[in-house]
Each structure stands twice: as C-alpha cells, then as structure tokens.
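Chain lettering (A, B, C and D) follows the sequence in which the chains are written, and residue indices restart at 1 in each chain.
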C-alpha cells in the first residue's frame, strides 16, 4: 500500500502513521516529496488494513498495490483452468456453448429446446427451475419438477445441465440434478450461497453482478475457490449504465482483461447483455472474437409463448445463424467450436 | 401497456398482436398514427405480459403504464407508515437516528458506542454481527456472540437494535436479539431472504442495491410486504456511478421521489453513501432537508482502531456535530428530531 | 406521443390536456383504463411538444413514440451510406482502417507512422494537430504546422487524413488539409461546431460523447446532415460507466443497434474505448465481428516517447497483429478488409 | 507519482524505468516489496508524464499523487473567493439565488419572470438567449434580441443577468449584455470557449458536464483561471447515471467535497439535476444544507406554455415555497440568504 499524507502534516504525524504501518506487520518507507509525503507499506497483506490507515485524519488516501484475490489469480496458477462436463469443454482454445430457454416450462418445451440447441452445436442446456424474478407476482419457476425435466433432457440428449441455485439450502437439491450450478447476477455477493456452492464438487457458473467491479467479481470467485471448489466459470452478462437502448451494457473488454489476470474460463451471455434478440448473433460473434471460452444463450422453441425473457430469446433458426457466425470467427482465429 | 408496432407492418400483424393482447385478458385499442400504429392494452395486469408482447418481431417496444408494485404504493395506502420501536420513531414528521459502529468488535466497544450515540440523541444502535465482506479473507463478524453484545447494549441504554441478517436460516436467530433486521445492499434481490424476513413480525430496514432502480427497490420491499410483514423501512445508501471521489454517489432526490409514491418510511445512510467521514455531517443535514424520516450513521469510539469502515466512521464528537446540524434543519422545517 | 394521466384526475383535466394536444396540431385519442387514463397524441411532430405536456400537473409522464431524428434514419434512406476517400472505404461490406498517433509530434514521427500503418493495411492516417487536453498545462498540439505534416504524409503515402477540428473558426483551415474532419467526443454537442462542419463538403467523423444516448448521438449527426453535409461517420469510442479497469467502457452492441436504425457508416475506436494497449487487438477483432464498417486505432512508432496517450498506443508490430486478427474475422464473415 | 511495476520484472527493467523517471526531471525512489516493486517519482510535475510511464510494458500502473489543478486549488488560495455582482453575492456564508425561465421567449415573459423571482428573493435572473438544444429542429433561442430583453429586465429590476454563451465568437456579444456568462454542461470541455471566457473580466458560471469527474471539472475551471479570469463559479447540475426516474442524478456530496479542495464558490441547479418540478423545492433545501453558496432555479410564469423545460420549471408560487424552505435551512445553519 501507498499511504498519501495530507499536505503540510507534521513530522510527528508522519511518524505516527509509519509506526501504525509497522504495527500492522508491514515495513514502512517514508518518501518526502516536494508537496506531499508518502509512506510505502511493504509486505504481503493484500490491503486488508487499508481502511484502518484511511481513518487517520492526516492521511489523504491509501492506494493499494496488490490485487486482493489470490487463488483466482494467474500469479498463483499460470496455466488456464479447463472445465469439462460431458461433452461441454470451456477453456483451452475451445468455445463451449450452453443454450436453452430462460425458464423450464414443460416437458415438451425443454425437450424440444434441448434437441434444437444440440442440433445447432450446443453442448450444454440452460433452463431455470428456480427463477429469481424482480416482481413477487411473476412466475417463480417449476422448482424440483423443473430440475427433473432438465435431468430428463440430459438423458435424452447428453447435454450438460446448467441451472441456477438461489439459496444455500437448495444447493444439495440442485446439485443432485444439475451438472453446473449457476449463481445469478443478483446473488454474486450472496456470500453464504457462494460458500455453499464452494463446498460441493461440481462446477459453478458465476455471473457478474450488474454493478460489480473486476475486483469484486474475482473476490466472489475467491469465496467459492476458498472453500475448495476449483471449478469456477466467470460469466460476463452486462453491466448497468446510463444506456437504456439495451437491457444492460455488454462490456466485452472484460474478456481479455480477465484473461490477463485469472486462469478461470470466461463465458459471455449476450442474451441478458443486450436484452434484444436481433443483437444476440452479432454479440455472440464479437464475444468469440474477444476471446471468450464459451457462450450462454437464451433459445426458446417459440419465444412469443415464453413465460419470461421472450424479447431476448432466439428462435431455434436464429440460434443456428448465431452459431454459424460464431463458429466462423472461432475457426478463423484458430479456436475449436 | 402501450404496444408500439414497427413501421410499415401489415394490418394482419396488427390484428394478430391485438388478438394476443385480448388473450392475455386485456382490452386492445388500436390507434393508427401517421407513421406508427400503437395498441393500448387496457386492464390491471401490472405489465407481467410485457416480455411476451416484446418478443413479436413486428413489435418495436412495449411501454408499461402502471407501476408494477402494489402494496408498497401510496395508491394502495395513502397515509404514511410510521415505525416505532422502543424510543425510535421513523416517519410521521419525526426524524429517527440509528448510529453505531460498522461491526461489533467487543463488549467495551459496543457499550461505549451505545452510550455515546445515545447521549448525542440517537434512538437506535447499529452494529454488524454477521458481516458481508467483499473479500473472503476479511473479518466476517462476531456472529451470535455479537448479537448477544448488542442485546446487552440495549439492556444498558434502551436503544433499539438494528443489525444485518445475511441468509434465510439466520433469520430466526437474528430476530431473537434484534429489534429491526437489516437487509444489506448486496442482498436487496436475495428473494429467499426477503421472503424469510417477510414471515417474521419485526421491522425490516431494506437497503437499496447500488444499481437498483426505484422500481426494483420497491418490488424488493413488495416481496417482504407480500409475506405479511407490513413494517418495511426503505434505506437510500448510495448508488454506483462513474464517480470515484466518493465511495458511492448519494442521490438524495430519491427521498422526495419515493415520498410521492410510497407510504413506507425513508431513511438515508450518508456513511456508505459517501465513504468519507468529513462529508457525513453535511450529507446528514442535506438528507433531513430533502425530507428523510431517519438517518443511519456509522460512529466508532476510535475509528482508527475499527476493524472495518474506519474511513467513513465518525468519532463521537463528529457525530455530536452532525446531530446538531441535522436537528437545526429538522426544526427549521417543522420536523421533530 | 402517449400522455399518461395521473391516477384519479377529473374528466375536466383529461379534456383540458386533450384540447392542448389538439392545439399542438396532433389528434387526441383518449383511452380510459382501469387505473389510468392515457391520451394518444397522433401526428408527425417528433416529440418537440413533450415537455409542454409534461409540465401539466395532472400528467404523470409523456412517452415518445417516434424517434426524434429523421435524416439520419434508415426510414428516410434505407440503403447504406458508403464513404470513399482516396483508398479508404467505409461501409457496404468493407472494413476501412484509420490508424496513426494520438498527436502529430514531428515530421519524422508522422511519416514513419504513415508508412508503418500503410504497410499493415490502413487506408487512413489519424493524428491530432489541434488537441483537446483535459489539463490546460498539457501539450495542445502543433496546430497548422501539424496539419502541414499530415498533408505531407498523404503526399508520401496516399493515405486519407483524419484530424480533429475543435472550434468553428478552424473549420476552413482544417478542411484545407484534411480529408475527413473529426469531431471529438467532448464536442459531440458543440452545436455551432456541428453546424460549421455541416456547411463544408468533406466527410465528418463524429465521435460519440462519453455519456451520450443513442438518440443524442443520432441527433448530433442530424445537426450536420441538416446543414446539407450528407457524409457523416458515426464513431463509438466508449462510454463512462462505473468501470475503472479500462479508461472507458466499450459497448459494442451499439454497432448492430445503430445498423438497424441508421444508414450512416459505423466505426469503432478500441484505443480510447479501452485505454490499454494489450486490449486493443481483441477489441478490434470483436468490433469487426459486431459488424463495424471501420476501425480507428492509435499507433505510434515508439509509444514510450509519445507526448500523449502512450498507454493505449500500439507499436507498429502490435498493430500488424491486430490487423491480421481483424482481417481473419472480416473474411470469415464475408467482409472485405 | 507512484509507478507500480509488473510482477517478476527484471532489475534491468526497474533501472530503465527509474532512469526514465529521472529524465523527466523527477527523483526516483525504488522500493522493493515482497511481490511488487514500486518506484516513487518525487517532484512537482502534476502527473503530465503519467501516460509516458504507463506505456512501458513492464509497468502495471501509475498512480498520481498530486491533484493536476493548481490555481483552482485551496492549496494555492486558502481563503474563499466571493463573487459579487449587483446585489448577487455567492460565497462567504451567503446563499445567492439566480432564477428565471429556461429560455427568453418575449418581453412580457421575461419581465414578469424577473419581477416574480425578485419578489421571492432572487438576486440574479437566468434566461437563455442562445439555447443548446439536443435536436436541430427545436427552438434555438431569441439570440441577440433575447439578450436585449434580459438587459431590459435588469434595468427594470436590478437583477444580475446570467445567460449562456455557446461559442467563442459570441463571447463579446454576450458579455456586452450579461453580468455573468454561463458555460453549459455540454460545453464544459469546449476548450476554445473556456479560453475565450477566460479572457474577459466578467464572472463565469461553469456547469459540470454530466459525465465529468471532479478533476475534469476543476481542470475546466483551470482553463478559465489560467487566462486570468479569477471569477469562476462552479455549478453542480447533475450527472448521468443508470437512474431514469429523474432527468439526471444530483450528487450533493459534490458540494462539501469541492469545498475542501477549492476556493471557488459552488452553486447547485436542482432544476436540471432532477428534471421534475415537484422535486425542486426539497432539493433546493438539501443543497443549502449541504453547504451550497447559491442556487440556480428554473421558474416560468406559466410552465405549461414554456417553449422548453416546462416539466422542470417552477411556477412563481412554487418558487416562493422553495425559497422559504431554503431560507429556513440557511438561517438555521447560520448562513444569510
């Protein structure tokens, strides 16, 4: 950490802060500048003491130097983590695709979805059984019945099942049926839930919260990793900005940025990221070009009858087109898909 | 809802959408404009079908007319909800103040905090026993031991205890000790938790999520109200914007805006809203001037020794000043405090 | 426009607003709903009267139906506008590339830059002679001397010159040397400047302001088009959001979104959009995959000696790589580049 | 500046950067940490070389220590700047109020406005003669004719005239009639315009751009101050965030934050900051409580007939109420108004 002192503070104050730095188990280097004095606090403390030092009246600000996450960091594990479940492979130069409806609605709907997305090249099936909905009056999902239908769809197609878990006491139940547990954007900082999925041994797809910084996102992954579950998939799904022409703003520079810092695979969700079906195909292709390890896409056999997210769901035909475009880009850049 | 058709769509397409509107139990009024046709869908459906209609290719957009929340709305209950717990009164022209440290750290710390904030005029004591922390490596709170210390502080001072609950299976435990249960900003859309606190009969202080819209905030309250718990306190604590000079951006226009729409009391948290101790006093006064029913403020007997949030915690003396300024404003505007 | 009345307003108030709508030259259709009355105001008025209607106390909100821009709209001109200057072609299935240093610094620097970017496949040369700088103490550009060096670089290489004009009374001067005039992001709503470049007959590259909505962006283009200059190039260069890990947030969904609404060519600037050299190549490829008609990239023969924007400038070698990746994507998707 | 090196860089690279730092006229202190090496660059260079150092591949980031503005800084001039024009006083414990319509529309409208706002206690009259409008098809102001009407209103009432100037070649004209020149939010970084108003000797009211940081805002003021005009008034008028329930988000913590850093007076515009007339009065009071030196408020004798900004304009009666509330707060906190 770098502790920046306020202008004109006394030597006594400087020494007092330096002493405090040393008490925290760090080494203090005082640098007297022309207008400001700064104290470099050296040692591997990952900034936990930042707030303490910022509370001193004579301190202007404290600048962290080290990233606060460790296990998620490429510095800890330089080689990429590749996640394989059934035929779905995320990472290591392969683009894996997960597709399916927003919600599981019926046996016919989920089976038809599964067959259609498989035919187009998807290796994973998404579908919500427990649905977080902004309004308490909206459809909340088919719950365990939905999980069973997902498992049946896996039986029928061999697709890996990705579905959301919303609360710690459902983790065991969802893990019984699903291949990959999804943590939704609203729950990215639901720490008890992160710890609960950290305790199981199935991959977790962690969606970025709509106002999460890169540090907060990687620290959420760290909560899961810290419990011993090493299979975390990071999912960029758009952030909340002043833009209203799309549902969220999809910031694809996240993909190469994270790539430089973490070994975890990175997946993009252009359906939530835009909220508009006609924008999904170009953003799938763009995600692959940006270096994504996978895509997660909403596809519904009949979007106009979808109980949720109809506006952003692709028809099976539109999904075929999105896959073709993305595959062209992947192959052109030397990736398999 | 108003369904805006794309330019140049056929009469057949218009009729098809109108038919679909009627199937949804709404009445369709078609208005042929000079450049666009719109269909007004009349009926009390609170926009749940919006997505369905937006998924039609011929539809450009769907504009909701009715607010999606009901029980939280002033239209449902025009008179203000006043919440009284021990000596703390929020709403009805009184400004109630809740103050205390970020975390409960020790018996001495919490008791000293309680006596100091009471002396300055606070009627509620805040303090975290279960702490949501961005990093898994940071102090996570004293847990039940912390709750017991809070209860002891209530015994000693008569202050109402406000403390956070992070996960559904802790609700019963926290409710055993606390007078008001806090839902943190990170959990504003943790729906299982909202439902769990909706089932108890103690007031809930619901913090706005840092990227939540007013609709999402009121719908989160609606989740609690819908379970039968009528005592929800809305808390503005700052939003995430491009501003980095403060920890969050504190948008005080929220206070009069919510006042026009809901009967629930509205409290402001200038400590998290700014993250900088020297800005807390002016923002307390500004919150009162904007019409807030209450304040929640971080105060620590010795901020430099705080285990969390030291930079934004007031010293007891600084809190006395903030209270004095706020009280002057409250009295000038005809409120009690 | 749709005028949404407040709840419970009198029939008299409704009639008064309806009358006002008719006075504005629109036709009023009153729709009595179960909870709200709305008035559909029909006619081609492009929402200029929106504010008037919103000022009535009984009106809750006014929802515009028509987009406020006309000449920029695909509805006015369905076929794409293709801009050709020397060998640079933007639009019509070709990806044109403009590259070069942030600022013109010396004859050697700009000539070396021009030769290097041409060798890699660029057809346009960028370089600032008049530089808008956040600080008054920073280098403000070589001014006319810089323009002359750019013209010399065109002589030497045949590249089309793209350079910024900052104020109306420089338009004539800059137009004398440049092939395309750039309006910087800070000046997107400098209306006198937009009108001034609207009066000349050279293409204008209009950068999106960092907090501009799509409507504001297209209306800024409309200011230029309205003066008779039909050659406007839209440039997405990133928006200001809460993200701090990149200089701006680059929202590529803008590309297909604009494509659906306007005939103007769309170019992306991944250098300003990210601010980090190592992210530029993947974001170039992603921009092309999203459907961009062109790229504008900062390249400097020796970024460490650049007087501005060194951190986001590519070395000539890094630019060669970015071009190769982008070209692969363009060709895979059937575009020329 | 603090230069943070990437992990694992060679001693040679460290020495190379240190050497470069010294070449820039700064002194380099190398601090070898446990995981990272940092170089403290000491000297008064105000960070202009930041970009140069960031362009080195071995450098992870450069952290500025000194604020980049000087003349605007309280460190340069600790005593507050008080601006007095006719009876309008901004700063020094007095809250000055500027009010009037968005646009000058007619002699009767501006005279009636002037008399009404004066009666309520305003000392300045606002009104646009040159209007920056998002759409080229909207009313652009009465231009010089409007300036003459403003001057006539000053004759009649003694109010100080505040009006916007949009382009450098109008500065002389506007300065002929106005007492204070306003730079609108869209032009906050129109540097030629800032320099032009820096050359005259009348106060300038500088509005914050909707996505400007505090540094950018103060550097824009610095452009004016640097030309010798010492009378700059900073105006917070709301920022662009994800919030859509208000026109902009009004972040009042800006007021005490700027107070700690600059000697310039700070004024708040709650009309543009909220865009909704019913929120203006509480936000006026809140602005005063936050410590503002002044308010600028839109008031129209008949908002429903306003040619622009009707929705956010107060009626004269509503303005009387806003003034009463604000005055109560000012007096309670020991300010005059």
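As a convention for this text, a contact is a pair of C-beta atoms (placed from the backbone, for glycine too) under 8 Å apart; a residue touches a chain by one contact, two chains touch by 3 or more.
This structure is a prediction, so every number in the text was calculated from the model and none was measured.
Fewest steps needed to get from chain A to chain C, stepping only to touching chains, is 1.
In terms of the distance between Cα centroids, chain D is separated most widely from A. Ranking B-D and B-C by contacting C-beta pairs places B-D first.
Chain centres here are Cα means. That of chain A falls 26 Å from that of chain B. For the pair chain B and chain D, the distance between mean C-alpha positions equals 30 Å.
Chain centres here are Cα means. That of chain B falls 38 Å from that of chain C. Among the residues of chain D, those touching two or more other chains are numbered 211, 240-242, 244.
Those residues of chain B that touch chain C in the complex are listed here as 2, 4, 7, 29, 31-36, 38, 40, 42-44, 63, 65-66, 75, 240-242, 244. Taken together, the chain D residues at the contact with chain C in this complex read 20, 46, 48, 51-52, 54-56, 68-69, 132-138, 166-169, 186-187, 189-193, 209-211, 215-216, 219, 222-223, 226, 240, 277, 303-311, 313.
On the side of chain B, the complex with chain D involves touching residues 211, 213-214, 239, 241-246, 249-253, 255-257, 260, 273-274, 276, 278-279, 282-283, 285-291, 325, 328-329, 331-333.
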